[in-house]
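What follows is chain A paired twice: with chain B in the first complex and chain C in the second.
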Partner chain A sequence: MKQRRLEAMHGYTYILPSLILIVCFSIIPIFMSAFFSFTEYNVMNPPKLVGMDNYEKILQDEYVREALINTLKYVVITVPIQTILALVFAAFIAVKMQNKAGEFLRSVMFIPVIASAVTSGTIWRTILGTDGGIVNNILGVFGIDAINWLGDSRTSLISICIVAIWKNVGYFLVIFYAGIMDVPKSLYEAARVDGANMFQQFFRITLPMLKPITSLVVTLGIIWSFQVFDLSYQMTGGGPGYSSVTIVMAIYNAAFKNYKMGYACALAMVLLVIVLLINALKQHVFGEKEG
Partner chain B sequence: MKQRILAITLVLIMLASMMAGCGDSSESEGNELTLWMAPMASSDAAVTDQEFWTEVGNEFGAAHDCTVKVEIIPWDSYEEKYLTGVTSTDGPDIGWLYMEMFYDYIEMGALADLNDYFTEEDKANYLYYDMGNILGGQYALPFIVGNPRILVANMDILAQAGVEAVPTNWDELTAACDAVLANCPGITPLALEWGSSHYGSLNGSFWPFFWSAGGEIVDAEGNLTINTAEGLEALTFMNEMAQKGYLGTSVTSCDDARVPFNNGQAAFIVSDTGNALQSDVANWDYVTALSGAQDAETMVAADSLVMFESCENKELAAELIKYLTSTEVMTKYHQTITDQPPITVDEEYSGSEVFADLFTKDSDMLRALPVFKGASSMYDSLYKNIQSMLLGELTPEEVLTKTTEYYDSNLK
Partner chain C sequence: MENKKWSIVSVIGLLLTIVFAVTCIAPFVYMILMSFTQAQTLNLRFSDIDFSDLSNYSYVFGKSGFFGALKNSAIVVVCSCLFNCIISSMAAYGFEKKRFPGREAIYNMYVATMMIPGQVTMIPVFIIMKKLGLLNSYFSLIVLIINAFGVLLIRSFMAGVPDELLEAAKVDGCPEHKIFIKVVMPLIKPVLISLVVFTFVSSWNDFLWPLVSTTDSSMYTLTVALSLLKTQYTANYGLIMAGAAVSFVFPFILYVFLQKQFVEGIALSGVKG
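After this line comes the complex of A and B, so read on.
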């Protein structure tokens, strides 16, 4: 008994630094935000309790409503596309490019992941420029009129989604690739003996075996997508009009432009609840069980 | 066992490092001042802002037996840096704020009243001292009162269009834009930055038109007053210019009007004086502002130095502010870093002769943005709504109504 307790103590000692960091910078701030969301607080002066006022204001805030709709659209567009693209690329590299070229391709596709959002946003602003942008120049070769990618409310959010997908695919590709490499080769050998073609192997073996990985990728994709801010802030500033404002941009503006930390915390709590609900829904879809 | 001891030792070292990182690094001695300045030097300047202010700080430190820590705050994260710095007691003793930031910092009690630290003689030497009297206190000392937004014209394009002089009022501008459209194919008559990601573009693209129509942003009580006949006139004029094609086909994606202007693809831009001087167009001219229904007026930057309440040695900080704004330092600053008009009586105008008249004869056309609650977000909301108007999604009336309703219900 004493030995087991000692071993447990030993284990806790190892996780202590990480635990302290998580408690200090994640757990405590969540509870503090929850508290501040019921206050009027400008950071300099003590918070003043205002009950549900901040949450009532959220319901009437047109900016927040637009931001929520845009963020949901962003999630719906980016998460499925980046997940499917990453899976397809990973499967292709794993099956067809087990060589130096495959390694090179994986590295190249990972570069956007490590590029800062500010840099990416600036570069893509130039690429998507209406007059003289690379994309419009290419479209012009095929006789297609220039598209006002970032300056039109119908295309601004889609443009940001394209950049986000370009930036995220490399990361999820690596995760999927690792997952595919972990699938026992004997399953494929047995399938081939039974006469399964490549597509049947992919849909009957690879995809089911990657279910936990896909769940992880979708979870991360949803969480990251709800946090979208930097690309939109850099590329369009939320415009034109309110066409690309996002929920985190609304939080940022409330906190750093209007100095309404209580209201910003209430928005953050709403975002937390939405992410938790969608995550629960996703777990239901993927049929995950606790423990 | 040895491995366990080693592992536990490493864990303890990590914990100690983390705790050390949580320490308060802001405990400065009374003879140490922190100075946060804004970047104004051009990217290819021989002397950077950091180098310039560090040298000035060292000179002051040597004369007053103190240390001046200088930090240049990038514009990209300006307001966040100030808010987090000031609230975490890790902020500056002396800072540089622009108009939109003042209301909240004064309301929060973060700024010190400078009045008692300046003698009548000191005050008399400042050209814009009274401009720093905001919300009942001398919370600011105007430091950069310049960079007015002016209408700059490519005279070669105007000549091609048959226009002889830069327009001086809205009617002349309309006529000139029509002439450019008719005679200069492929040229945008007036390039305005309605595609910028920041509402700061209003300073050149809207406020000069708004003020020249007779509009006022807020009244004496701080109520938003843009939803008036004057505001509507200015917006309607802007909308008509867009409808007639004066602003180009992709006005809501233009984030830097200097690009088409420098490439000879735009006849007019509204530019600040600093950028106008760096224009690649050889033959250009300007007017300070266009008159509309009312007299011509345009926006001038009025950034100021402030002292924070948290400053431990306010006397010393006030001395530093006086030194930073002294004729000696300002003359050097205007010659080395940024070409701006003088802020003191003693300093002679050392800038470009092109703008000498602007700062003397046209000075009554220049006005700064007002200080009021929620300014940043009101500007952001107005900017976004005007973008929607230019895309044909809102009418001018709806822009004014929506912005005012949003301000009154969420920001006031």
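After this line comes the complex of A and C, so read on.
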């Protein structure tokens, strides 16, 4: 009995420092955020309860609507493309290049992952620039007029998507590659004996076996994409106009430019609900199919 | 016939893979080349490149406060890695090897916090830090890096540490804290290296929180300083690229030496769920 109590005491002691941090900086802030979302609060004066006002304002806020639409577009563009590219490259390297060269290519594709979004955004801003940026120079060779990638409201968001895809493929490729390596070799051997070609093997064996991993990659991709901020902040600052404003940028501006903490918290709660819904959806859609 | 068709497909696949790999690395090569020019336009002429001309780098460090930012980032990264490893492995040990009431309930709470986006808790944390007068402090920059992920990562690894070993040490009269330091810590070294790499990259590349929580320019981290560089020196591309190169080079060197741990540390962060 005494032994038991001692062990429990040790247990609590070991988790205590971590628990304090988690409670103070994750758990309590969630409830604070929820509470502030029903208040008007500028940090200087105490928060004032305003009921559902902030949420009603969100529905009428054009800036927020643009941010939501942009973020949705961003998700719809980046997630499928980065998932497919990562899967195809991973499968190709796994099938055809299980050697030093393949290893080298994988390591090279991972380099954009380790660079910060701010660094990547900085470099791509110059590459996409109008006064002699590389991309426009290359297009010029093919006789295509220079495009003001980041300065035109029709292309600003697309440009950010391209950079995001460029940055993410290497990451998901690593995950897919590990997944493909875990597929039993005997399945492929049996398929080859039966005369299945490379495509058939990919669609009949690799793809079904990778379903759990694909679900992870897609969910993660969607959740990350909803949180996009750094790239758009660094490359366009949300402009021109509202053309590349994202949800997190709307939260940032509300809280730290306009000091409307209550409104910003309401927006943050919207983001939280979106993320939780995606997680729940993942469990529902993919959880059931597997079980 | 079938074979021939395959080889064509393979060649196309190979070409695409190589093209993409080149696209992945070309921007960084461009960054380095550009940082050695005095270009005020983006047209990169090879005759402009002068590798002996370090003036962009010396200017970035000297005038634009990058040196201070580099120092801040270094302090934040080193402390985050150190504290994250100590605090998370202690917690992981407690959760995995000790029985206490509420253990699984608390652990499930940890798992649940992993689903919460940082941007949601950021505003209240900002307010807490402001009220405590801790904005513009290393503490506020470091403390947010430490989250449940490290605990989850180490706990799953610690399940492989045999209980008999800990029992044996106990029977030998080894005091509790020594079991943790002398027996457990050395055994979990591989996962600690992965966690260090992960923590290094996430704190080095962290942007939104340093942007929000540092208002004093002497507390800026590298990402914030780099982000400001583009507004301060709009068309001085050589200078901006030098700044980008400085922010990139440290994670890159680490990546070259610890490639395997990098891929594990960073890729595993996604496979936690």
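Here is the rule we go by: the second predicted complex is superposed on the first by the 248 of 291 C-alpha atoms of A that agree within 3 Å, B and C clash if a C-alpha of one lies under 4 Å from a C-alpha of the other, contacts with A are read in each partner's own complex, and residues count from 1 in each chain.
In the analysis below, a residue touches a chain if its C-beta (ideal position, glycine included) is under 8 Å from a C-beta of that chain, and two chains touch if they have at least 3 such contacts.
Keep in mind that what you see is a predicted model, and the values were worked out from it rather than measured.
Asker: First (chain B), second (chain C), both or neither: which does A:258 touch?
Answerer: first
Asker: So in the superposed three-chain picture, is A:233 touching just chain B, just chain C, both, or none of them (first/second/both/neither)?
Answerer: A:233 contacts both chain B and chain C.
Asker: Looking at the overlay, does A:248 come into contact with chain B only (first), chain C only (second), both, or neither?
Answerer: A:248 sits against chain C, while chain B stays out of touch.
Asker: Just to be sure I read the superposition right, which of the two partners does A:13 touch: chain B = first, chain C = second, or both, or neither?
Answerer: After superposing on A, A:13 lies in contact with both chain B and chain C.
Asker: Identify which of chain B and chain C touches the larger number of residues of chain A.
Answerer: C
Asker: Can you list the residues of chain A that meet both chain B and chain C?
Answerer: Looking at chain A, the two contact sets intersect at 10, 13-14, 17, 21, 43, 118, 125, 129, 131, 233-234, 255-256.
Asker: Where on chain C is chain A touching in the complex?
Answerer: 2, 6, 9-10, 13-14, 16-18, 20-21, 23-25, 27-28, 30-31, 34, 41-44, 87-88, 90-91, 93-95, 98-101, 103, 106, 109-110, 113, 115-128, 130, 143-144, 146-148, 151, 176, 180, 201, 204-205, 207-208, 212, 223, 226-227, 229-230, 237, 240-241, 243-244, 247-248, 251-252, 255, 259, 262-263, 266-267, 270-271, 273
Asker: Can you list the chain A residues touching chain B in their complex?
Answerer: Of all residues in chain A, those touching chain B are 10, 13-14, 16-17, 20-21, 42-45, 57, 60-63, 118, 125, 129-131, 146, 148-153, 233-242, 245, 253, 255-259.
Asker: Which of the residues in chain B end up touching chain A in this complex?
Answerer: 4, 7-8, 11, 14-15, 18, 76, 79-80, 83, 86-87, 104, 107-110, 194-199, 249-255, 260, 374, 376-377, 380-381, 383-385, 387-388, 390-391, 393-394, 402, 406, 409-411
Asker: Give the list of chain A residues in touch with chain C in this complex.
Answerer: For this pair, the touching residues of chain A are 4, 7-15, 17-19, 21-22, 24-30, 32-33, 36, 43, 85, 89, 92-93, 96-97, 105, 107-120, 122-127, 129, 131-134, 137, 166, 169-171, 174-175, 178, 197-198, 216-217, 219-220, 223, 226-227, 229-230, 233-234, 248, 251-252, 255-256, 261, 264-265, 268-269, 271-272, 275-276, 279.
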